[in-house]
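Both complexes below contain chain A, partnered by chain B and then by chain C.
== the complex of A and B ==
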């Protein structure tokens, strides 16, 4: 069994019209046993930048702490927030530093860049960036997520419709994956506000 | 001077609270060739005298104004070899930032890192401070910027500044001539006039160097032909 499947996870991000949504499941397991049903996989870096991390839970937490550390120092030194593209380059560099003993996570980065243009990307555990214009997925449920997103995604959705789409894609995908699920955690971010919602799906 | 007893070691303060080696470094800067910089509303210009020790020196091979990045340039007063070392270190820092963030380094960040290097050489064993003051000119998202960095590691943002032999006359001249809404071409003319003030001998495109950066965010050293054009306009 792969170490990436030890804890179970599902993360997805989608681009809308001047907004983005990022969602994850809430299960933390130790192989077949469920340990927690409120595990936080998505974290805010600043008001217009979020990162979701799938994979081994300990690395998810440690990597998040390291990235927040780096971003806080950047904010103090440069007196500004990091752009999403810049942050993605930073995450890629940090992951590659551990090329021969990597963090066992796959990040999903979503943010609003200059002119409130949505930016999403994902990378593998050693920092190979993959930019996308529509959606990115990661975690044990990634194959189902690819299928669901491809079917349900439309370009230029407004925030309300984007929320519905990403929620349906997430819930239907984690239902096909025994290691992820126990509800969903969705953030929809527009230039003016962040909407956070908890989803109740099949609680197994 | 009682202070001279404390000028042997860099890491020892004198009773008057000074680090005498840094004072001496500033003296070295003050006896170097004049250089100056002016920040205009739409760009920055830096300029320096290029007095060569003999007419036999190939003046085209001497480049006192250097690029640090495509949109940041620098000039110095003081010891040329120390300048070369700082330019090399700064260029490396700028490239490291680019490699990490895939974003060009902001001018303030590069100035701060260069100043940190200069400060390290005032607090380490067995080294001496750099005998140069730098003028760093750049254009980034915050607009045109001009910074001066001293051997102590302190840095200042200037609207216009001068360093080297003729510093007090040059600064007085700049104070009179500087206006907030000056454009880049006016600033270049003013820079030439300021250099002319304290110039020994005939000013020409062979014995001054001018670098400029405008809203196109590309730092360029002017060719002798371009300097001749500006000199003609000034006459």
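== the complex of A and C ==
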């Protein structure tokens, strides 16, 4: 079994018109046993920047704590929030530092940059950035997510349609993956508000 | 006080503290993760006025295409570019690092960078990690001594060649070069040949795909032709798009309105003497 299949996860982010959506499943398991159905994989770094981490849950939590620490230091020094592109470079550097003994997680970063332009990117576990203009996926359900997003994605969707698309893509992909599921957690962020929604999915 | 308790930004280089834990997990039977590789076809050739570099744009993670349009031609200096194959994080990190070192060197010497400088910096780094930093590079550029093209292997050996190919599609591309390369090609002939070599990699090698990127470097000028050719467009998109008849069931909604950014226009009073 691969190390990424120890806990199970599914994270996806999509770009819309001046907005972005990031979604994850809610299951935390130890191989085939489910031990939590409300695990938080997506965390807020600041109002316009979210990071979703898939992979080994202990590294997800450790890496998140390190990143929040670095961002708070940055805020104290620069007196402003970090831009999403800068944050992506920071995460990439922190992951590459551990090139020969890596953190076993894959981040998905989504944020609104200057001029409210949405930015998404994902990385492998050693920090190879992959910028995309449409969607990024990560986790055990990633292969199904690739397929679902390729089919369902349209460019320049508004927030409501984007929410519907990302939810349908997430739920249909985790239904085909034993290790992720038990509902979904979706954040849709526009320049004016953050909408957080919890989805009802199959409980198996 | 224990150093490991504080997350002090380190002075640089790799940190090995998670190695023991990861070894323990591997011994327990959990396979290590696969990294993002750039399966790749990368090529370079020297033509009459300089160097042309070419690359495909597919990044793979095992058998899955992770990125359909990634950038494999990395900037090193205004007159030097480098194509990278192998583990994506390694090629990006190593080219970024040497690019910064070259810039500092330019500031110190007040001269344009030479390709041989970039070559030596790269091969020293790769050799010292004995091939574990898995980056196979095609380095090309034009400096005061003329056009140069080199290949660098992950263990640190280098070759200087008039035309070169690397990556999983290198055999497909090399067959095109061996058949059609001649000295003294013009710019258009060179670009056509590079595009043909990359296309043969795209169509015949499973690790390479999507589009063709080309970079033309001549004395005093460089031209980065991103997505010069797109021989694999997506033609099956339905214009109607997806429509969902059943809406997703939402259990809970929480809306956080974001504070409006307040502009401070009043200038503070000047200090009294």
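Rule of thumb we're sticking to: the second predicted complex is superposed on the first by the 204 of 204 C-alpha atoms of A that agree within 3 Å, B and C clash if a C-alpha of one lies under 4 Å from a C-alpha of the other, contacts with A are read in each partner's own complex, and residues count from 1 in each chain.
As a working rule, a contact is a pair of C-beta atoms (placed from the backbone, for glycine too) under 8 Å apart; a residue touches a chain by one contact, two chains touch by 3 or more.
All values derive from a computational prediction rather than experimental measurement.
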item	value
Which of chain B and chain C A:192 touches, first, second, both or neither	second
Touching partner for A:78 - first (chain B), second (chain C), both, neither	first
Partner chain(s) touched by A:151 [first = chain B, second = chain C, both, neither]	second
Partner chain(s) touched by A:36 [first = chain B, second = chain C, both, neither]	neither
More chain A residues in contact - chain B or chain C	C
First (chain B), second (chain C), both or neither touched by A:86	first
Overlap of chain C and chain B interfaces on chain A (superposed complexes)	none
Interface residues, chain C side, partner chain A - complex	7, 10, 14-22, 25, 29-33, 35-36, 59, 61, 64-67, 70, 87-90, 92-93, 132-133, 241-242, 244, 247-259
Complex contacts: residues of chain A adjacent to chain B	77-78, 83, 85-86, 89-90, 93
Contact footprint of chain A on chain B as seen in their complex	99-103, 106, 108-109, 112
Residue ranges of chain A in contact with chain C within the complex	1-4, 6, 47-48, 55, 66, 69-70, 92, 95-104, 123-130, 132, 142-143, 146, 151-152, 154, 164-165, 167-168, 171, 183, 191-200
